[in-house]
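After this come two complexes, each holding chain A, first together with chain B and then together with chain C.
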Partner chain A sequence: MKRPVLRALRWFPGHPALAGAGPFVLLVAVWALVVELEIYPRAFFPGPLDVLRVFGSLVYKGILPTYLQDSVTRLAVGAAAGMVVGIPLGLLIGLHPASYRFFWPLIIFFQAIGDIAWLPILLIWFGFTLTTMTFVIVYTVIFPMIFNAALGVRTVPVEMVRAAQSLGASRWRILAEVLIPGALPNIITGLRNGLGYGWRALIAAEIIVGTSGIGFMMFDARRSGSVVEMILGMIVLGILWYVVDAGILRPAERVTIERWGLVRQAP
Partner chain B sequence: MTARSRLGAAVWFAAPFVVLVLAWSAAVELYDVPLRVFPRPADVIQALAQQARTGALGNHIWQSLRRVLVGTTLAVVTSIPLGVVISTNRYVAALSAPVLRFFSVLAGIAWIPLATLWFGYGFGAITFIIFNAVFFIVLYNTILGVTGIPQALRDAARSLGASRGQVVTEVLLPGALPNIVTGIRTGMGFAWRGLIAAEIIATNAGLGYMLFLARDFYRTEVIVLGMILIGAIWVLIDRLILVPIERRTVERWGLARSAG
Partner chain C sequence: MDGLVIRDLSKTYYDIYAGEHVAAVEGVSLEIGVGEFVAILGPSGCGKTTLLNMVAGFIPPTHGEILLNGRRILGPGPDRGVVFQSFALFPWKTVLDNVGFGLKMRGVPREERDRVAREYIALVGLEGFEHRYPHELSGGMQQRVGVARVLANHPDLMLMDEPFASVDAQTRMTLQEELTRIWEARQPTILFVTHDVEEAVFLANRVTVLTPRPGRVRETVAVDLPRPRTWRHLIEDPVFKGLVARVLALVRTPAA
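And now, the complex of A and B:
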């Protein structure tokens, strides 16, 4: 029983996307089996078909697409704002030794006050609004960006800067052609961390602030005890991260690592 | 490092915070911000003294730390052996890696609704969320670490007469250790945030609960106190426990790996 499965799997990796899907097919099969055996009551532990049915009905009603759009827009706006502010700030702090010395402990500290810990006071300031959610996501994305951009600039070997200087490069050219490219791998790492944290913060914010979005859908389902919708929400979130990872982060990492030394606009 | 330079570093680390507190208190005085919107530093200190006196603060901190400790310990103790077992078989490892990545991404906050339904509101649900946040990331990293060990090293150990058990304890575990430790650090970072979120939603004690309760009464001084504590405790855990362990492991065992 086991061997043919393994042999079939060995031939599976024809297309990378398919190779990744194989294990999930197995997982869903095991899941369906456990549900069919009725070990747990169905209301607490629904099967794949139930989830698929709810998926169909929520898409048909237009609820899921709307919520998904809300969540993705929030994440995109937050990430973009975090990058636009965070990268230049990080570069500045990293390049200026005195401000590095001053700001570094503060950055570590404010990064440690988890995004979610800001929610209560934000709720007092802005109420249950979009501003609250945007603030949380921007805050979450911005600190890993500053942290890693500063780290990246500081870890560029000083010989590189001196070599460029002795070849007659101006300050701007050193910044644009030595320091920023040298810091890019770190900046991308910062983007990965920032999005990872920001994405979790988004879910938490949607659960607590609760106006729309996938997180809200899940918590709403919790209120009405609909396990199917919770699981559907989790699956959507997992797939969403896969898309962000494979569509944005991986290509960005590949570009910066392979093309080290070239100025590239990270997406 | 000499005692003198250590002291110097501590002063340099503390100085920005002193400046920040001064700026904060000046700003609140200058603009006459009401307490409902933002507290003065003195209010926060007063809240600290008051909460500490009643013992409520100690209880909240203890509850939060206990959950993190129990959840993380359970996760680490189970995930590392499981990771080693999974990665001894190439096919099983290849099969489970994408699934584990899926779950390590989900881990933590996304489980809150389901966890509260399965375990009820309280210790069980929150520990489960922390367990989840740490378990999948450590498991994934263990597998990544073990499968990344060159086959030649295993073969060398075997040909020198090492038993299977010895290969595990002397080659596989040490070789995977840098990855495992990085996994624990990342996982705990997510777990700490997940903890605060879970405590806001699903319990009646802990730092997250303290924050959210204070919100109901517009007690911004307690909220800010809680935020400072959450940040400070995490900095302490990370800098005093996790970072030294990570650095030592990478120095000792990391062959040509970057510290990430």
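And now, the complex of A and C:
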């Protein structure tokens, strides 16, 4: 009986999702203090407890879980599609000079047309639909994926490729066994940036397309003047990203690039 | 003829900064019989690594040809294993998987290639490190992996490009002794490139000295020292010292 408890205690403060809670305790305390001093009217600047109360009520009504699920699903679908297209395209551009010459100008051109700049025309083409939102997210995710995958394969030392050639590896085996693992630090950076940008693009798209989701909830709250819901939305966004980072990205880094000594271990 | 035959090999580069053609290797002819250990010796920039890279098939020669067991070399292949100065191990693979890489590329099943890999890991003295990753090993240990990775693939020719230049002096002497021991036990054909005169004489049966850029064959010196060779026995050996002095003179004085 004693050991699981000890293990749980050791796990609790050390878990990456909770290790960073300290600064937030302070931040919430300062927030509560400023609210209690009543410098600003409560309706404009609600406190932590007000937000917690609205959180409870929106969870109870089922609105928050549904919206959260909608937003996360949109991001996951968009990010997956962005990876499936972006990583191979990045590898191709990084390895194949003719592809580089063909795609590079196009990529630079379309990168300049930001995700939001597509929204007017997308609304005409696809209306207020999931297609519009998915397009925006894929569009945002794909550029950092391409750039980082292309950079990654070019950072693999030429001697590592030569070693594989001299051990009888075919071109495809070199890609799978040497170039992709070697590019992984950059591919993970691309994923991190892509997901981060995608998350922001999604909220913007939800505000404009506006049918459901966290972004919709926040924008919709302006009609009822519910500042507390807007703050709740902001907090949810922050926490969700923190969970994605600590729950998916960091563990992925630990078992790959940190384990292999390709990057120094995070402090 | 079996073994390696290099005929009138030249390599000219276009130097984009200087805006002119530069000859790195010029008219090199060389033969290495099966089971021979030949060292190519020359000062920095004499084109000895360029020569090795052409034999490995990494870069094409400008002129001349290279034959291995009668077949013309047109690109890299598993018949020529390369040990690099920078080790060039795969950081995402364990010692076992690095050493078994060549066998994996040939489609050898896991069990068999692990068995062979373990044999060569033992040969280079790394038992117990099979499941470590390269970054967890010292430089000397990493290069032992580099040697085992090539030997496990049974190449016809082993190419070594200053393989011990980036480890400390004590480790280097140990690795040199280990390499002579392995060569005596297995008799792989080795082309060993170095700028270290004592290393060349200690290891090889023949030392071919190149001239400064462009690299031409200056002279080949036979090394008839008895084996097994150890530094403890050779460091004060008059024959060894005489050979070193002779080769050093060839490296340092310009050709007549």
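Criterion: the second predicted complex is superposed on the first by the 239 of 267 C-alpha atoms of A that agree within 3 Å, B and C clash if a C-alpha of one lies under 4 Å from a C-alpha of the other, contacts with A are read in each partner's own complex, and residues count from 1 in each chain.
The rule is short, and it goes like this: a contact is a pair of C-beta atoms (placed from the backbone, for glycine too) under 8 Å apart; a residue touches a chain by one contact, two chains touch by 3 or more.
This one's a predicted model, so the numbers in the text were calculated from it and none came from an experiment.
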{"item": "Partner chain in contact with A:208 - chain B first, chain C second, else both or neither", "value": "first"}
{"item": "Partner chain in contact with A:118 - chain B first, chain C second, else both or neither", "value": "first"}
{"item": "Chain B versus chain C as contact partner of A:178, first or second or both or neither", "value": "second"}
{"item": "Touching partner for A:157 - first (chain B), second (chain C), both, neither", "value": "second"}
{"item": "Per-residue contact with chain A, leading partner among chain C and chain B", "value": "B"}
{"item": "Chain B versus chain C as contact partner of A:39, first or second or both or neither", "value": "neither"}
{"item": "Partner chain(s) touched by A:167 [first = chain B, second = chain C, both, neither]", "value": "second"}
{"item": "Which of chain B and chain C A:230 touches, first, second, both or neither", "value": "first"}
{"item": "Common interface residues of chain A - those touching chain B in one complex and chain C in the other", "value": "none"}
{"item": "Chain C-facing residues of chain A, complex", "value": "157, 159-160, 162-170, 173, 177-178, 181-182, 184, 256, 259-262"}
{"item": "Residue ranges of chain A touching chain B (in the complex, touch as defined)", "value": "6, 9-10, 20, 22-24, 26-27, 44, 101-106, 108-110, 112-121, 123-125, 197, 200-201, 203-204, 207-208, 215, 218-219, 221-222, 225, 227, 230-231, 233-234, 237-238, 241-242, 245"}
{"item": "Residue numbers on chain C that touch chain A, as the complex places them", "value": "56-58, 75-78, 80-82, 84, 86, 88-92, 101-102, 105-106, 133-136, 149-150, 153, 155"}
{"item": "Chain A-touching residues of chain B, taken from the complex the two chains share", "value": "12-17, 19-20, 36-38, 91, 94-99, 102-103, 105-106, 108-114, 116-118, 190, 192-194, 196-197, 200-201, 208, 211-212, 214-215, 218, 220, 223-224, 226-228, 230-232, 234-235, 238-239"}
